[in-house]
Every structure is written in C-alpha cells, then in structure tokens.
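Quick one: structure below, then a few questions.
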Amino acid sequence: MKRYDGREADQLRSVKITRGFTQNPEGSVLIEVGMTRVLCTASVEEKVPSFQKGSGLGWVTAEYSMLPRATQTRTPREASRGKLTGRTMEIQRLIGRALRSVVDFKKLGERTIWIDCDVLQADGGTRTASITGAYVALVDAIQYLIQKGSLKESPLQDTLAAVSVGKVEGVPILDLAYPEDSRAEVDMNVVMTGAGKFVEIQGTAEEVPFDRSELDQFLALAEKGIRELMSEQKAALKLV
Amino acid sequence: MKRYDGREADQLRSVKITRGFTQNPEGSVLIEVGMTRVLCTASVEEKVPSFQKGSGLGWVTAEYSMLPRATQTRTPREASRGKLTGRTMEIQRLIGRALRSVVDFKKLGERTIWIDCDVLQADGGTRTASITGAYVALVDAIQYLIQKGSLKESPLQDTLAAVSVGKVEGVPILDLAYPEDSRAEVDMNVVMTGAGKFVEIQGTAEEVPFDRSELDQFLALAEKGIRELMSEQKAALKLV
Amino acid sequence: MKRYDGREADQLRSVKITRGFTQNPEGSVLIEVGMTRVLCTASVEEKVPSFQKGSGLGWVTAEYSMLPRATQTRTPREASRGKLTGRTMEIQRLIGRALRSVVDFKKLGERTIWIDCDVLQADGGTRTASITGAYVALVDAIQYLIQKGSLKESPLQDTLAAVSVGKVEGVPILDLAYPEDSRAEVDMNVVMTGAGKFVEIQGTAEEVPFDRSELDQFLALAEKGIRELMSEQKAALKLV
Amino acid sequence: MKRYDGREADQLRSVKITRGFTQNPEGSVLIEVGMTRVLCTASVEEKVPSFQKGSGLGWVTAEYSMLPRATQTRTPREASRGKLTGRTMEIQRLIGRALRSVVDFKKLGERTIWIDCDVLQADGGTRTASITGAYVALVDAIQYLIQKGSLKESPLQDTLAAVSVGKVEGVPILDLAYPEDSRAEVDMNVVMTGAGKFVEIQGTAEEVPFDRSELDQFLALAEKGIRELMSEQKAALKLV
Amino acid sequence: MKRYDGREADQLRSVKITRGFTQNPEGSVLIEVGMTRVLCTASVEEKVPSFQKGSGLGWVTAEYSMLPRATQTRTPREASRGKLTGRTMEIQRLIGRALRSVVDFKKLGERTIWIDCDVLQADGGTRTASITGAYVALVDAIQYLIQKGSLKESPLQDTLAAVSVGKVEGVPILDLAYPEDSRAEVDMNVVMTGAGKFVEIQGTAEEVPFDRSELDQFLALAEKGIRELMSEQKAALKLV
Amino acid sequence: MKRYDGREADQLRSVKITRGFTQNPEGSVLIEVGMTRVLCTASVEEKVPSFQKGSGLGWVTAEYSMLPRATQTRTPREASRGKLTGRTMEIQRLIGRALRSVVDFKKLGERTIWIDCDVLQADGGTRTASITGAYVALVDAIQYLIQKGSLKESPLQDTLAAVSVGKVEGVPILDLAYPEDSRAEVDMNVVMTGAGKFVEIQGTAEEVPFDRSELDQFLALAEKGIRELMSEQKAALKLV
C-alpha cells in the first residue's frame, strides 16, 4: 500500500523544529510536521494556582487554540463564540497532563510554566505536534530559569514526545495527515518518555473496534515514530 | 496485597443495574458500582443535528453531570458557574463516542438518542459506570422504538461495557474506587464490545510512566471486568 | 368532581420521605410526592458569603435543578446552555428564603448550609416538594453539627413545609399534579411553619383572577395539606 | 404610629403618571411614586415567539432593569456582569405575567408587545410601580394599533394596577418606601384588576411569619391603594 | 442647502442641561440635544481598580447604555443578550478616556468616579452628548467631594465638551441628527478642552474618503459647536 | 532627537510583507513592521450576514486577536476568559470598517470576505500593521475569486494602508514602537487610500491635548509613512 502522499506505512512526515521563533516568550518553538504548523511557547509566571500555594511545588498548565483559518474552511473563533469547544478542552488537558509527567514540581519551585500551543496551519496530528514542540519550548524556559539563577538544577525528569497512529483501509499507519485522519477506522495518540515508557495512550475506534494484536502493531509504530521525533528534538536543542 | 475494601486485585465492586428507575425516559437505568451511583437515561428525539440532516442517518449524543453533593465535599454546580468544566466535556465526549461505535446510524434513521448520565453519588469510575449503564438504557430506548413500530430491526451492532483499571502501589488493579483512584500511579479506562474488541483505551500515567508488559496486565484485567459487567447487563435485560 | 387520578379535591398525593438517600451529604433526603421525586441535600460549609463575614451570623442558601429527562420531553440542560432560566432562579430564591425563615443565624454561627434540590422526576409541585424535603435534610445537617459538637443547640426555630393549591375547572384543589397544573386557572404555592403561620404565599391567576373568598378556600386547603406533610416529616424524623 | 415620612399607615405616596415621556415607543410612560421613578415603554413587534407561531395568538413580555445609580450606592450593571440577577428575572417574569392576565391574545393577533421597565430612581416598590405604569403604556400601544387600523377592538379585558403592602414594627402599612422595605417583617406585592380580583399575591415573611388575620389586613390595604392607583391611571388616560 | 430640520450647516440643535435630574448620584445631569436625551451620572466610590491601588492616584471610568426603546425600533437589551456590543464598548471607552484627560489623578486621590451615561432617547450624537453632559455631572461630583471636605481643591484641569461633525450630500455640517448620521459620507466626533485643544478626534469615511481641506472644515465646525456647548455647560453650572 | 532604536522622527521601522504564509486561506500574509508580526488572512465564504441577504451586495468583516505571549508578559487568552476585551472589539471594528471603505459590495456579490488578524508578536502598531497586511491578503483573495471565475472584475476601488503617529517628549514621530507608544503624549492612527484621502483618523491625547498645528504635523508624518507602506505593498504584490 502506498499512502496518498507517497509515504510508507511506518514513515513520519518531514519534521522541522525552530527555536526562538518569537522573541518574548522564555521558550518559543515553531514545530512543523508536514503541513501542520504549531507555535508552542513556554511562559514563566512567578506564582502558582491557589491549590498549589504554600506547598513549595510548581505547576505546568497548557492552552491550545487553532487560528480560524488554520483549517481548510474557516472555523469560528472560540473567543468570539465566548466558549471553548469540548475538543479544545480535551486537547489542552492532554498537553498539560503530558508535560507535567516529566517535571519534578519540587525542583521547579512555586512558579507556573504556561504552555501555549497555537496552530497556524492544521493538517492532522496537531495535538501530538503540540506536545512534541512544547517539550522543546519547556526545555528552553527551564534553561532560561537556570541561566537567570532562579533554578539550580533542571526539574525535567525525562524527555517527551508524541505521535499519532491509526488504521486506514485496514492498514496500521504512522503519523496520520488530515486526509487520512478524517477517514481512519482507528485513531490513537501516544505520548512516550525517552526511557521508552508510556505517559498517555488514547485510542479510539471511530468505525471498527480493534483487537490486541492490532494494538500491538499501533504501539510498535508509535515507538518508532517517537524515537525519530526525539532525534529531531535533540538536534534542535543541539544535544547531538 | 489486600485492597482497602478487602477486594482482590482483579475483583469488581458489587454491581446493581435497575431498569425503569424513572418513568419518563424511553430508557432509564440506575447503575450502582459499589458506592458509585449513576442515573443513565436515553431520550428519543425525532430530529438530528444540522450536520446529519437529510442524510437518512441518526445520531447518538451524551451529556454528563454530577450532582453538587455527589462528591465528598460539595462541588459548585456547572449551571451556576455558567460553563462546563473540561473534565465534564471530556467525559461526555467519551460516552457519546463509545455508544455511537455500536449503533448503525442508517438503521436508526433520522432521529437522535440523547444519553444523560447524572451522577447521584461518586466513588470513582463514574465515566465507565456511565457507559455500562447507558448501554442498557440505550437498549431499552431501541426496544421502545421497535415496539412502537418506528424501527423494524435494532440498529445495535454489538454490546458494550467499560471499566477502569490502574496501578496503585505498583500493583495493577481492577475497578478503582475513589480512595484508590486519587493516589493511582496509572489510571486507564477501557471500553470494549461483546466481541472482545476495543472501542476506546485511555491510559494516563499520573506519576510513573508504564511499559508494554504493564499495559498487557491492565488490558487483561479490563477484559475480565468487562466480561463480568456484560453478564450483569444481560441479567438486567433478562437475556440470560 | 373526581380528579383525573381519583383523588378528592382536598387530598394530597401519597408522600414518601427517605432519609440518608445518599451517603456524602450531611443531610440527604429523597422526597416523593406522587410521581414527583426530588433529591434534597444539605451540605455544611465552614464559611459564609462575604456580606455575612465577621458578623457571627450563618447563612442558608439553595440551588434547584431538574435532570434533563425529569420531564415528559427532554429539557435542555442549563449547564450546557450556560445560564439558568428565570424559572430556576425564581424557585431557588424561594427555597432559600423559606428555609432561612426558620433558622436563627446567630445560633448557627458563621457557617453556610447549602441546600441542593435536584428533581429526578417531575410531575408538578417540585418547588413545594423541594421545600418540604429540604427541611428534613436541614434537620439532619443540624443534627450532624450538634453530634459533632459544632453546635450546642439547634438554630431551628420552627418546622416548615409547603404545598401547592389551585383552581381547575372552577374547583379549588390541593396538591396539583402536572396534568392539573398545566391547565390550572389559579396556581398558588404556600409555605407555612409548624405554628400555623405563613412564610410565603405566591398566588398567580394564570387565566381567571380570583377573589377573597376563593383565596380563603385556597388557604384552608393549603393548611390542611401542610399539616399532613408535617406529620410525614415527623414520622420520617422518628419524632412521632 | 407616624411613618418616617409623615404618611398614615394606609396612605400611598404621591403618584404622578406622565404619558408620552419619550417619543419613539408606541407607549411611553414615566410613573413616579414618591421618589421611585420608572420609565415604562410598550413596543409593538409584528411577530411572536416560536412557541406561539401560527397559532393566531399574540404575546406580551416584559423586561426590567435598574440604572446603576438608581440606588443609593451604585449597583453594578447587569450588562457588564454578563448576566441578569435572580431578582431581575423574578421581577420581569412577574410584570409579564401580570400584564398578560388582562390581554386577550386572540384579539391581539400574532404580534408581541414588549414592555420595558427601566428604573431611573429607586425608593422601594419598583416592581409594583412598573406594573401600574406599564399598564398605561400598554393602553397607549393598543390605542396606537387601533388608530393605525391594525386592531379593530381592544384586546384589553380589564384594568390592572399593583401595590406593595407590609408590616413594619408590627404595623401593617401600605406602599413601602425603601427605608421601610429594608426593615419590613413582611413584604407583600399585590396585583389586582379593575373588577377587584387578584391576579397575583406574593407575600414573604422576611423575619416573622404572619397569620390569616394579618393577611386580611394586608389585602384590605392593598385594595384601597390599588383603587387609588387606578384613579390615577384613569386620570392620566383622560378617562375621567 | 437647508437641512431636513431647517438648521444651517453650522448650527447646533437646541441644547438643554438639567442638573440634579435624579437625587441619589453625586452628580446627575440630563442633557438634551434636540431629540437626543442622555442621563449622565457621576458616582463616587472610595476605592480604585487594582492597577491603581497604593499609588495615591484616583481613577475615572465610564459605562454607556441605551434603553431598549431609545431607538426607533426596539434594540435587544445587552443585559439579556449577556454581552456588550462592540459599539457600546467603543463608546464607553471613548467617554472614559475623554473625561480622564481633564482630571489630575493625584489631586483626586485614591477614589474612583464612575460615569454612567444612559440614553433615554436616541437621535444621533449620543456619544458626544454623553461626554458633554458627563463633564457637568463630574463637576457636581467634585463639588460634592469639596463640600464634604474630602478634597481641598478641584482635580479638574480644564473644561471639556464634544460634538459630531460630518459630511452629508457633500456638505460639511455640524451636530448630525440620526436621519443625517445614517446617510453621512463622513462621520467625525471631536472632543475639545476649554483651552481649545483636541483631546480626541475620531473621523470615519463611511462612503467617501476625505482630504485635508475637508478635514479643516470639519474641525472648524467642531470648534464652533464646542464653544457653544461650553457656554451651555457654564450656564447650567451658573458660572456665567 | 534620536529615537530609542536610532530611527529618525519620520522614519518607519523596516517592513516585510510575505504572501502565502499559510496554504489554506485564499489570502495569507505575514506582515512584519520592526518586531511587530501579524498574520493576516482573508477567507471567502459564499454567504452574507442576514442584514445583507437578498441585496445582491457582499460584505467584509474582520476579527483580531493577539496570541497570549505576543506580549512581553503573558496576556490571558480571550477564549478562556469567555469574552473579548473592549480593546479587541474596538480594533476589529476599525479593521473591518477600513477595508470595507475600498470595496464595492455590488461588484463583490453576495459573499463575505473574513479578515483574520492574529498578532504573533506585538511591539506597537498592531492595528495599523493589521490593516496594511490585511489589504494585501484581501487583494489575493479577490485575485483568487477572479481566477476561479467567480468575479469578472475586481471590486477594489483603491489601495489602503495605515500607520500610527504620535508625540513623545513633545516631538511628533512616525510609527511608534511599544516603548514609545506606552509613554506617548498623543497617539494617532491614520488610514489612507492610494488617492491620498483619509478613511479613518483616530487621535487620542493620552496626557496633553494637542492643537491644530500639531495635528497638521501628525498628518504629514502619516502621509509620508503610508506612501512608503504602499510601496512595500506594491512590491509584495509584484505590481512594481
């Protein structure tokens, strides 16, 4: 089987990670995965939400949004509608949870890192691209805090990246673009650490339920993709 | 290891499914899983959302809410706050998606079935209890449509139930109650069909990422629990 | 005249009051008046609204909601609409005002008791059933505070119950069920204390204005009904 | 007993009704009751709400608001807060219900009359002044429709006015001004027709419950006050 | 050219300024400019917004609203819609900015003056009438603070008034009424101080862009109108 | 006087206009003015708002937003707050009005062009950069409609650009960056057509009112800046 864009079943789209895309944030990363482009920023705020006050512990939270014309037809702006869609809420909760899983809040101290993921162009996989890009922005924000002397050591416990996998016309494939995503039988998002462990698995059978052996295939594809994404992260961070 | 309530690691809490709990809805089910109690109703509406109009296809959608004092301390009412929390949105999207996966919309015809899951008492596992109970309410609503002559055959393609699994103090366990859920290292919700296939897997490592062998253990526990829940559903529906 | 359900003009529907319906609240009462079923809970919060802070005085407030399918056809959820209807606001203000009328805020001390009335099934008279049931939940919450040692004596000054009366086809009747309520010429809600005094009278001529002698008949019916409801409250509280 | 402003217990404040206060509305009435001043307008719209469409029946609805500095200290604007208070909802529902009780919707035909009551200055009794003033505005709007040829005969079935009564320091009094209202033991609003019948009775014991004989005194005071208000309405309408 | 109401191109409508229109506010002014009537009140609050706290500086802020039937056909109430329109926001920001430009916040001290402009009748020029009237209400509120001893000297640095100018059928005209405003080619609002300097110029070419020489004509008209409005303000304040 | 960044008083910041910045919109332009960067897109929708339906006329409307970390410290997201700020409303109304002034709605036909201006990085002058960039995106969208055959001729009547001018430390300057804008004595935004006429002038004296001769200086600076911006637009559109 050839995919609509010529990729192999287990092939990622081309990935490009640009640090310092904008100047104001402590971390600012443009991640491009094929046509999908997300601006991920990390902003340090020297206070924590009320449930964390006085605990000595920090916090990481995320917000996600799509520009109205990131999509093929214009999507009404959530700010104009006056409320977030369920999809947005679900995605920003996922991003926040994923990033919190690799941060030691005691080491971070009583401060919040705000992650903002704004999709400039959407072509499938925006939530996983957001996590992969936001991790790099988070590293830059942590680095900023260390250089400024606010932190002595990094509160990061591991590296983190995410990818989507799914089944289209009965074939398990890696990194679904929008034309694939919109007709996938199964859609799964996987977040993993550098140690090769799962932080989050969200698999949904849109049309046809899947069994254990298919699940194994999905997870193998995801692992392969995430290892490659982590190489891109390292290269961008000049760690290789 | 003994669990706080004396259960084995692979043991469900006691389950009770009461049909016809209220008189107005086409399907009305009270499901009790241990101390968790959810009223699940299915309401037939003879029209569909605009995206489905004229297609000949039906729709199933779900809403979820907790009574303010379902919880140990009072939770502010979403209607008074004027908006749904992200948690509620995430849960009601999950319930709707899960139930849609076993319904043939062509056979249902241009009508909507509204699923309402209202938690009267919360002790962990409210979203999975909602799915398990809502499936039974859905069966009753379908039965009502058949008896009334609106449907010739059932649009249901398979049975459906859901359960939570997780890891507490390093041990994989089935059907977490709130005291377990609140300190779980991993929390996973699994939705399966009667054919033993996955409709939804949502696993989150709150604290400690998990590996493939642990995932296998979680899924085995989930399968066992879901088979037992399906027996309860069948008994309630007098199919056994 | 025989009523549609065989009752006499001055006859209440059957009443059932179940205490401890759910475990978490300090007071939890299911009240059933005919087909109408309302879950009334009383929750203690150890603080007061800002207008009462530092005064040494307590507060009682109420919220009211109907489950979407409590009604014969599904009513959209207020939490999803993002705002309360005028009807809900009006009812919850009435419930709060009524219960506050029998509480000595000085004796209660600087704490709030939240009353939540959630209608599981609606067949007319939900606001008066809410008041009658909530009074019992309030007694239980007060009892809880006394047993816990937070209160030395009860701040309750009197007992309280409520009933609806109205005129249908020219005949004054007690305790209107929905089929009567929806075509009543006059609809009146009456809240009284155990001492036989009025706390609230809300009478509305939907179609035909009423005169003084009719008002006298309504109030006589209401008094009779409320005395009977108070017997049910006492029996439920094991005071008789 | 002398009242704080020298009135007798059964004495209304001075009443002034100015028709045509503004030019745009079909009916525009400034009603002044002592220091309370309410601008009541009636606006004709040639359509009805969806629940009335195609029925051949008209509708009357009301909205109520206070200017921020109608009160002694500034009250935040509801438009800025983004939602109506419960008090506003309750009052505008009362005004609408009261006016609808004297209109024959069949004769009105499929059109809506919007009543807007905007309080320019508040000194107690704003809701009853609104009803009394709005009735006159409604008459003017009906007259406009008749002169324009849209209506052949008036759909008004009776006249309508409203007043407050209450108990202060144990004494029943008529037409409470704010300094009385704010410390009243009982507060009651009464709406009556020209035929001397009740359209609405809303009595609340803020502090001390009241008995039947007190109720009789309140209603006698209300009747006296409403008869006098109706004379003022007639004089303003040049019907006397 | 004769204007529709017989005015000359450079002629204001008749202006009437009534102080003390309502009793509660520290300043309360009804300004009438032709058929346009705006109630402008100034309310003193002894605290400042959070951004000004502890600075020793005061604040002036404004809110603007139209009664629903100020307009020729009824405009839905913003409080009922649950949000302000962009037009309202724009206008109230303009009014606040204009008034702040003549107040010395150090002399005012840490208190806020709230300006409320409520349009009772709209016939064009409501925002400029609001500014002209609000200035007089502000003077009265300042006077109140001086008489009460809260202020030693006035924080007002200059006088202030505003007017609209525009181009209709190619002719520059002063003080547009609604029938002119609705078909103007250019619409410009000008706010000036007593010293003859500009505080705000907002010019919009609705249809036909304008050039420098036209701008000069507009500004000359505005200056003339504002000088006349300032005479009216002075007369109302009995300063002449 | 030297400006903080070395510019002359009448010097624009460097300008860069990139067409086709994203692929989905019919027009997509990244405009960079110094550090200010705005993504301006133009989206064609084949319907018009209700007030324009059946008229044969088209419509142009604009929305504006800043990414949360476009600013030096993070600004809360309007979509999360649930409403637009007054500043946003004011700006998007200005952008829409400006662009509409150069479009012939009859030639556009019954379709809407949505302009979205999303600020990726803010350093002063975002609203004028938005207009200048949006004009180019609009040209591209029109071109798309012509090439597709939907339009026979361009409905554009003139070119359009905008710039800010102001007074800092008593000196009139062109194109204020944020450090200048935040302490400007006068702030003015000017929108002009290619014919050298004004579409919009919005001048505000934040601190010190200005006189006619200063106004003349501001407008001369604006004209110079806008002529230069129009050269950049032409170069980007390859019209030179």
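Going in written order, the chains are labelled A, B, C, D, E and F, and every chain counts its residues from 1.
One rule holds for everything that comes next: a contact is a pair of C-beta atoms (placed from the backbone, for glycine too) under 8 Å apart; a residue touches a chain by one contact, two chains touch by 3 or more.
In this text the structure is predicted, and so the values were computed from the model without any measurement.
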Path length in steps (a step moves to a chain that is touched) from subunit B to subunit F: 2
Touching subunit A and also subunit D, the following chains: none
Distance between chain centroids, defined by C-alpha means - subunit B, subunit C (Å): 33
For subunit B paired with subunit D, centre-to-centre distance based on mean C-alpha positions, whole Å: 51
Separation of mean Cα positions, subunit F and subunit C [Å, integer]: 59
Separation of mean Cα positions, subunit B and subunit A [Å, integer]: 28
Subunit A: positions in contact with at least two other chains: 82-84
Chain contact graph, described as a line, ring, star, complete graph or other shape: ring
Touch list for subunit E against partner subunit D, complex: 22-25, 28, 35, 37, 39, 41, 43, 45, 63, 65, 67-74, 77-80, 82-84, 88, 114, 116, 118, 120-122
Subunit E-facing residues of subunit F, complex: 83-84, 86-87, 89-90, 92-93, 97, 101, 158, 188, 192-193, 195-207, 209-212, 215, 219
